[in-house]
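Common to both upcoming complexes is chain A, partnered first by chain B, then by chain C.
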Partner chain A sequence: MNEVSETLERIFKARSIAVVGASTDPTKPGHEILKNMIHIGYKGSVFPINPNADSILNFKCYPRLLDIPEPIDLVVFVLPPNLTLKIVEEELVERKRKFGDTAGVVMVGGGFRETGTREGEENENRLKQLLRSAGIRLIGPNCQGIIDTTSRVNTTFDIGDYKKGAVSVITQSGALGCSFLMWAKFNELIGLDRFVSFGNMADVDVAEVLEHLAGVPSTKVIWVYLEGYADGKRFMEVARKASSRKLVVVLKPGKTQLGATAAFSHTGAIAGEDQIWDAVFKQTGLIRAYSLQEFYDTTRAFEKLPVINGNRIAVLTVCGGLGTLCIEEIAVSHHLKMACFSEETKQRLRALLAPTASVGRPEGYVDTTGAVTEMTHYDAMRVALEDEQVDGVIFLTTPPAFLPPRGWAEQLAKAYNSQPPIGKKPVVAVVGFGDSARESKEVLEHEGIPTFDFPESAFRVMNNLAKYHLYRERFAN
Partner chain B sequence: MNEVSETLERIFKARSIAVVGASTDPTKPGHEILKNMIHIGYKGSVFPINPNADSILNFKCYPRLLDIPEPIDLVVFVLPPNLTLKIVEEELVERKRKFGDTAGVVMVGGGFRETGTREGEENENRLKQLLRSAGIRLIGPNCQGIIDTTSRVNTTFDIGDYKKGAVSVITQSGALGCSFLMWAKFNELIGLDRFVSFGNMADVDVAEVLEHLAGVPSTKVIWVYLEGYADGKRFMEVARKASSRKLVVVLKPGKTQLGATAAFSHTGAIAGEDQIWDAVFKQTGLIRAYSLQEFYDTTRAFEKLPVINGNRIAVLTVCGGLGTLCIEEIAVSHHLKMACFSEETKQRLRALLAPTASVGRPEGYVDTTGAVTEMTHYDAMRVALEDEQVDGVIFLTTPPAFLPPRGWAEQLAKAYNSQPPIGKKPVVAVVGFGDSARESKEVLEHEGIPTFDFPESAFRVMNNLAKYHLYRERFAN
Partner chain C sequence: MQCEGNVDGRELFLEHYKLAKREHRNFLLENEAAEVCRMYSIPLPDGGLAVDKASAVLIADGVGYPVVMKVVSPEIIHKSDVGGVRVGIHSKEQLVEAYDSIIDSVKKHQSTAEVRGFVVAKMAGKGVETIVGLKRDAVFGSAVMFGIGGIFVEVYKDVSFRVCPVRNGDIEEMLGEIRGRVLLEGFRGMPKVNMDALKKVIMAVCSLGMENPEVSSVDLNPVLATGEGALALDARIILQ
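What follows is the complex of A and B.
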């Protein structure tokens, strides 16, 4: 672990946090942040700084940073810029000089460069300079800050308790990052490992955090909302390293580089700019999402799924219409192709399915028709997964009304989870619609099979998994 | 109304229905169909044909079609092919000859051409021939049949009661058609006018029903899942007529024309085939959806929205990240462009928004930032809609936690609905995520503003609305 990583780790694992601008008013962020720390179950020490209160939410208040008698790892600021600068200069820098304790600062408050004013710019520069000379790293200003679901450090005021999981979030838009977390939480789709929102990104930046998270064992998937990064060479080095150890999914708006106004000038320069980023992602093995939904879906599916070891997909459908739409996506894809079943597989499938079922027309395709039982779901999935020429399976259904909603889903999941852990093949499911479908989806998600409403969504996720396989193969050679 | 339309109308409005193959067994389709007729509140006469039962679900049974003492408008068959043919020949044809009553038949049962056997093919030809010579129209075989939410005729066994509305469904895949209805019902998104599933489409076909529905006043939007149609010229005539009176949204899998197996041969012929269909849709003013989700979203939004009278879109966002993603979709679109606000609009917006808000950078864009009140939602939407240079508005938000979820949504809807009915401009909303967002969405949907999870979905719907405007302009000249 390099020095930057060590510092970042001290921030994520802060054993004590001071909150400058802590408020007794429950409608203020300076109060919400304290509430979230309790809510998420932070076990370290919390020191609200507020000269006019004795305690807030049972935490003893201190009038000044310098008064706290214990070492402070992290200081959170929720104040306007002038007060922030004053306290950084008069108290924080002084404290660091005396006790050498504070590793980092999360600056939630705004009013700096993002205002577009000269004063804001100057204030931000002054802030950076003060902290740099004191050897304190800065996250923000104008940001949501960080969450670590293990240490339970949480400086955000939007996100409270969150299920522990393997997805980490790096975002240059606090609102979008939180929006993703709320989407996933509402639908019980992901677990969170860590979260970093940079705001103005005056100091600690995307590349540093990406590099750090690449070395964090509890993180499997990294969700990156990237608006821009000046040092392309540095970004590429870090991205390459990260993708060799993690699944990194990135959304990069194509034209924000030149500012939103530029979105209207269709010049070669813009296209080129975006094409360069596209090439960067491909060369470094980052999975680029091309829409917000793809970004969300890919991330949540990657958390659940094993990696794929090829690109040969079997499509197993109960509904011919959905199957056709899925096959056509694969047919025009550059990364996936339909699997070729062995003769044995075809025979086994024909033996267990109804005579109306269609097997291997086209290759790798099975339409069971609605004439299925719960056991058919188990058997057909098992046979498809056992074929050595199959790398992954997309399953599609509009569940027949006569089947109990949990039963068929449990059987499908049983076939999926009866695979040996080494070389386990990914399965994704499209399940449409109604109350019974929701119940089936809950079973599948719980058993590790990501579910989708539409064939194109399932296809995109499997396609992205195959892209990642391709990148890994290429880098291994 | 031409003769075909008159016959179809007699079928949709059937005052009496016989069900051949009616079953006392609640697990059988021949029972479900009767149950759905009760469920949906069909007020006409129902005559189950079953020689072994006195009554089913309180309907008196008759042993044979010929025994029913009243005129029969529609006969539904839920039997295997051999029995079907026998009863058609010995009873139905005879009955029609004697009483001249039956207008049409819905043949739910399968076992015909779709089996791929010579026997199935021959049976279907025999069926067609018998019915044609008797002057009876055939829907099916191997289909879900029809629903009319006004007459409450319902021959399906999947779909029971359904909210009355302005969407009609024409589908060559019964499962996909039902899947759409279940999706929309589950999310309370659309109301249904009529539904037709053709199955093998041996007689009554897509063009006939499309032509008929084009003249049905209660239908505003027609959802067409089209697998193929042999007579291109006839289809174009009908499609052109339909699009001049209705919003017709169509999904056509690109390669099924040549069968699913063909999806893998990337020959010019396939691409050409699909390009021809693409041209057909454009020339006739049908809105083609390019994914299942776009198909569903466009249809449900079209039911709610007024048509658009131009392509100049204002983007009003509470969240910069979402706004940026939406603007970029518009920037690369061929149909939409950002509106240019008048100077007066910009001044009014600046006066009512926080100093941190961004107005008109780029043109037509407003980022209110999170510093909004309930009233800001009303005021900003109202000002945007009042600008003569704006044809429609996309609103995006991750609702600030401090705002009551119903309040801001009600204000936004109030601004939308305070427009004069003539020339009312469409508004769509992106609202992400969590419990409070769900509550806000319910308000917006109820007030006529379609809501989406992702900016790309809202963009696609507005883009399709603008395409429809373009078609209408072109045809008017």
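What follows is the complex of A and C.
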């Protein structure tokens, strides 16, 4: 582990946290942050700094940072810029000099460069300079800070407790990062490993955190909301490293930016910033999502699914319409193609399905029609997954009303989970009835099969898995 | 590609670059750009710079008709906009006529433009018009572009980018990514184009951009892709 990683790890694993600007007022972020630390179950020491209160939420208050008698790993600031600067200069820097204890600070408060004023910029530069010379790393300012669901460190004012899992979030918009977590919280669509919101990114930056998380074993998928990065070569180097070890899904706005208007060449006129970033993502193996929905869906599905080992997809549908829409997507896709069933697979499928079912027309497609039982869900999925010429399955249904909502889903999941763990093939499910089929969806999600409302969403997730497969092959060579 | 890069190419480029800067030009002249491209092993049609009618005729005789003729002027960057290009010249008579009429047309459009001469080059046959370009990005440095070329390139934007340096696999992906890739694979009885030749041009443009940081952008448009090879019919090098 390099020095940056060691410091970041000390921040993520902080055993004690001081909150400067802690508030007794439940409507203030300086109060909410303490509450969220309790909610998430942080077991370390918490020291609210507030000269006018004895205690907040049963934590003993201290008037000044210098008064805390124990070592502090992390300091959170929730104050306006002038007060922040004053306390950093008079107390924090002094404390670091005396005790050498603070590894980092999270500056939640704003009023710096993001205001677009000269004063804001000067304040931010002063802040950076003070902390740098003291040897303290800065996350922020103007951010939500960090969450670590293992150490239970949480500096955010939006997120309380969260299910532990394998998704880590890196975001240049704190609110968007939190909105993803809140969106996925319902139905527990993801589990969180770590969260970092940078705000103005005055010090600790995207590349440092991406590089660090690439080496964190509990993280499987990294969700990156990226607004920009100034050092292109460094970004590419880190991104390559990260994508060779993790599934990195990125959303980067900027599609509408045009090339230089006064370009003297065709290339200059066409080449907007976005096209170059798009190339960078392809070359470094980051999976770029092109919409917020794709961003969310891909991330949550990647956490659950095994990687795919090819691009041949079988489409198994109970509903002809949904199935047709799905194979149309595959037909025009650059990365996926329909699987070719073996003769044996076709015979097995015909034998177990109703005579009305359609098998292998077109190749890789099975329409069971509504004439299904709970058991045929198990059998058909199992047979499709057993075919060596199939790399993954998209299942689509408008669940027949005569089947109990749990039974068919359990059978489908059983077939999926009876695969041997090595070489396990991914399955995604479109349950066309949306929230009216909630019970079925819950079963599937719980058993590791991501569910979607629309065939396009399921297709995009599979397509992104296949892209990742392509990138991995490329890195292996 | 050798480690030290293309030393001769760099030297020649710098020579033209210095002249351009002295003349307050932000682009290389057509013949200069062509010379630099040749140094980077980018194939161009046979031809040369004619400074008068007699040398134009000599060059045309040398390369054989039909030829094309393009005006060379430090004040003109978009040559066809001022009637500075003539294609399909089949004889000496047509060449002489074209020479005069281009001068007339240029004078009409841009009376103050200094005409340094004409590039006279062998006219290419049929093929797929592609574009290979380069742009220097503030964040990532040189980025190479490949796509379907011609005059409508900015309308259809059927192009693909990669940041330099590119690996062979990147170029394969670029070729496969554009919508018009079917045109390269032998569309409606047209021959399948020589992909290796195209790849070499893309690789060469990348080297040109990376070794010459004074280059702001490059357009090779069109690069005529045929069954035999790839030929850059027009080369534009814009400077920082």
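Just so it is clear, the second predicted complex is superposed on the first by the 456 of 477 C-alpha atoms of A that agree within 3 Å, B and C clash if a C-alpha of one lies under 4 Å from a C-alpha of the other, contacts with A are read in each partner's own complex, and residues count from 1 in each chain.
Just so it is clear, contacts are C-beta pairs under 8 Å (C-beta built on N, C-alpha and C of every residue); 3 or more make two chains touch, one makes a residue touch a chain.
Computed from a predicted model, the values in this text were never measured in an experiment.
Enquirer: Once the structures are superposed on A, label A:E328 by its partner contacts, choosing first (chain B), second (chain C), both or neither.
Expert: first
Enquirer: Quick check on the superposed pair: does A:Y378 touch chain B, chain C, both, or neither? Answer first, second, both or neither.
Expert: Neither: A:Y378 stays clear of chain B and chain C.
Enquirer: Quick check for you: in the superposed arrangement, does A:F195 touch first (chain B), second (chain C), both or neither?
Expert: neither
Enquirer: Tell me which touches more residues of chain A here: chain C or chain B.
Expert: Larger number of chain A residues touched: B.
Enquirer: Please work out whether A:G232 is in contact with chain B alone, chain C alone, both, or neither, and reply first, second, both or neither.
Expert: A:G232 sits against chain C, while chain B stays out of touch.
Enquirer: State whether A:I276 touches chain B only (first), chain C only (second), both chains, or neither.
Expert: Only chain C; A:I276 stays clear of chain B.
Enquirer: So, does A:Y162 touch the first partner chain B, the second partner chain C, both, or neither?
Expert: A:Y162 sits against neither chain B nor chain C.
Enquirer: Using the touch definition from the top, say if A:D453 reaches chain B (first), chain C (second), both or neither.
Expert: First partner only, chain B.
Enquirer: Which residues form the common part of the chain A surface touched by chain B and by chain C?
Expert: 263-264, 266
Enquirer: Mind listing the chain C positions that touch chain A in their complex?
Expert: Residue list for chain C touching chain A: 26-27, 77, 131, 133-135, 137, 139-141, 143, 145, 153-154, 157, 159-163, 169-170, 173, 176-177, 216-219, 221, 236, 238.
Enquirer: Given the complex with chain C, which residues does chain A contribute to the contact?
Expert: 228-233, 235-236, 263-271, 273, 275-276, 278-280, 282-283, 334, 474, 477
Enquirer: Which residues of chain B touch chain A in their complex?
Expert: Touch residues, chain B against chain A: 27, 115, 158, 173, 175-176, 178-179, 182-183, 185-186, 225, 253-256, 260-264, 266, 291-293, 319-325, 327-328, 330-332, 338, 356, 361-363, 365, 370, 398, 401-402, 432-435, 437-438, 453-457.
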